[in-house]
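Before anything else, here is the set of structures, which you'll find just below.
Each of the next two complexes has chain A plus one other chain: chain B in the first, chain C in the second.
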Partner chain A sequence: MTFAQGWHPVALSTSVEPGSSAGTHIDGKELVVWRDNSGVAHVWEDRCPHRGMKLSFGFVRGDHIACLYHGWQYDTGGRCRYIPAHPDLEVPATITVPVFTTVEALGMIWTSAEPGASRSPPPAEAAETLPVRSLYVDRDAAALFQALSANLPSPFTGVGGASLTPAGDNLCRIAAGDDRLLVGLQQLDAGRAALHVVIEGPGSIYAGAGQAHFLGWTAGLRYALEHGSIPAQIAKAEAV
Partner chain B sequence: MALTETVRISFTGHFVPPSFLEFVDRRAARLDLDVSVESAGTDRVAVEISGQPDLIDAFEMACSLGPLDCIVLDCERAIVHARRMENGR
Partner chain C sequence: MSGITLYNYDLDENCYKVRILLSMLGLEYRTVAVNTFPGKEHMTPSFLARNPAGSLPILEEGDLTLFGAEAILAHLANAHDPARTWLPPAGAEFARVMQWLVFSAGELATAVAARAHALLDAPGDEAALRRGARKALRAMDDHMTARGFTGAEWFAADRPTIADISLFPAFALSRDFGVDHDEYPALRRWTGRFRKLPGFLTMPGIPDYH
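Take a look at the complex of A and B:
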């Protein structure tokens, strides 16, 4: 599976619940990821055009997100629809938040991170996915990818070694035994990056113990990044 | 049904006219106001502006702060006319 160029993963789908918002970055650009109450995810510039407050500190009401500072409310198109201090005002269409193309696929939320960008849609979800975790580290994406390549997981099902293959921009697939993982790479800024890890497989096999197995591997991966190698006790715990 | 006004605002102070007028144009565009410049000197800038009264208030407040290279000491405002419109202006 190959992702079209220019898509960035910003969160696991399960990490952003309906009616909630969260802040993130892509290459230093501040973004808010929020999900309206009907379940649709949105990625916008994380800045209220009124006074510059981060919208990720705001709150979701139905299909609007409201700024925490003065309560300005924006619809799903990024247009300001209501200003509490001026309830009778017909808010002009010029007061908007830059909105980025957002899709959900492979158990992750993806964005173009460019306003109005028209890109090829990502491929439809091919298989059932189960979330493992997002891992945030104080290393750039290149160092994170290098550590990932050098510390692949042991299989949960089947036997054999592990391999990693690129699957498009900011996406790679890991094969370990009979298991398949998808890993989204997010460059947060110059010195920070994130991994978004999902299992490509049915919940009947991986729910619970399988997720815990790969969760242990990500803990070891973090340790390896910070200390150079996966310690024996983590490797042992992962193998149990 | 929205009330729209046309008002004349005279800013007095110390201006770099191109800088102040660019500032005026940007704020008017953001607030969806129509603006025409009546005069622009180094000590006085006068504009006529039309739109919803609350947005004209916001415009006046923004312009009274002005860009870094201009100082607004005072502003006078006079209503040219006001009317109710069915769909905006």
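Take a look at the complex of A and C:
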């Protein structure tokens, strides 16, 4: 799915704290993900229109993001509001950064390049979620998804096999024993992709050991992608 | 005056590690600027007499002449932080600090070499150095992701230690050798915390946010 269509996950919600920014890509397009101090997440083109500097290198002040080069500040609508070298200037309304529709759902930050109301948002009715991790690999999303399908996790609670079902744009749900995971898929650029993994379940069950269990699974998945398969479990060390 | 002298090059991240700790401990010290690039002054006989390995930083304190950033960090924390906040005196915390100090001087040295190759004309295989640096940073991000599940915010203890100081520059400066921060969300959050520590200071390549 190209950036022009549908919803795309760009980060776990917990990975972008209030007052911080991070760079990412969708299909090779450079994006900045940032969260203002009131907690609202934004996804924009990662480029200051002044000199082309990445805004993800910049910094957040209140509800503005400022470019690292010359401090130009943009409000949450992407409009430039302050130019430090010309503090008295009423900044022309034409100085703007392209912004993309951004929502938070399922413990992830989602964005869409489609005009605002043209599609329904990603399913937002999940119960409590807990973050596992964003896994970045030097492979295309298709190869990552294939490896995911071939290496589903073992359950943390309950018993039984695992299954994977589509759950929306770039989103699937994994059932393993009594556990449910939600996994967002992001094509970063040619040969690079990410999985955003959360547990769909309460912290009272999964916080700590449950998260660590599925973190271990993602490490195995990455190993399988890079080495072809996951080796049998290494035997525990024996006393000598 | 504590009688500490740091032989320093501002663009050397290993010198930066020592400057951070000196600042966080609030110690007074004297610096001697060394013309590392392009002068290679640190390779001249007078410097090799202080450090046969031909690297910076070098620290002098009293009769002690010490090279190697990690050893210097350990010495300063041991000698000037009686509460042993920065270098836990014993147990698992001490062991973990040592583990990450050795990692910093070992696996993570690839990142230092990658940056020296990119900025300071040092020899090296660019692709191999970047690959090695990414591998080391990935190990750090994996570790901090797992630490986060138990609410731990620092590499080796329940508070920042010299392990965090020794690991910070390679990640903070990784854009200098073409590795962006995008893929390391746990390290990004750790970096944000580190920057807020009292006494934190920047160096060229690590911006001050105004």
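By our rule, the second predicted complex is superposed on the first by the 221 of 240 C-alpha atoms of A that agree within 3 Å, B and C clash if a C-alpha of one lies under 4 Å from a C-alpha of the other, contacts with A are read in each partner's own complex, and residues count from 1 in each chain.
Convention: a contact is a pair of C-beta atoms (placed from the backbone, for glycine too) under 8 Å apart; a residue touches a chain by one contact, two chains touch by 3 or more.
Since this is a predicted model, take the numbers as computed values, not measurements.
On the superposed chain A, the positions of chain B and chain C stay apart, so the two partners fit side by side. In the superposition on chain A, no contact is made by A:Ala190 with either chain B or chain C.
When both complexes are overlaid on chain A, the residue A:Gln211 reaches chain C alone and has no touch with chain B. Touching more residues of chain A than its counterpart among chain B and chain C is C.
Looking at the shared chain after the overlay, A:Leu68 reaches chain C, while chain B stays out of its contact range. Within the superposed three-chain model, A:His86 lies in touch with chain B and out of touch with chain C [touch as defined at top]. In the superposition on chain A, A:Ser15 makes contact with chain C only, not with chain B.
Contact with chain C, but none with chain B, is seen for A:Gly23 once the two complexes are overlaid on the shared chain. Following the chain A superposition, chain B and chain C show a smallest Cα-Cα distance of 23 angstrom. Taken together, the chain C residues at the contact with chain A in this complex read 142, 145-146, 149-150, 175, 180-183, 185-186, 188-189, 192, 207, 209-210. Across the complex, chain B is touched by residues 49, 86, 89-90, 92-95 of chain A.
Listing the residues of chain A that touch chain C in their complex gives 11-12, 15-17, 20, 22-25, 57, 59, 68, 71, 133-134, 136, 188, 194, 207-208, 211-212, 215, 219. Taken in their complex, chain B has these residues touching chain A: 2, 29-32, 51-52, 54-55, 88.
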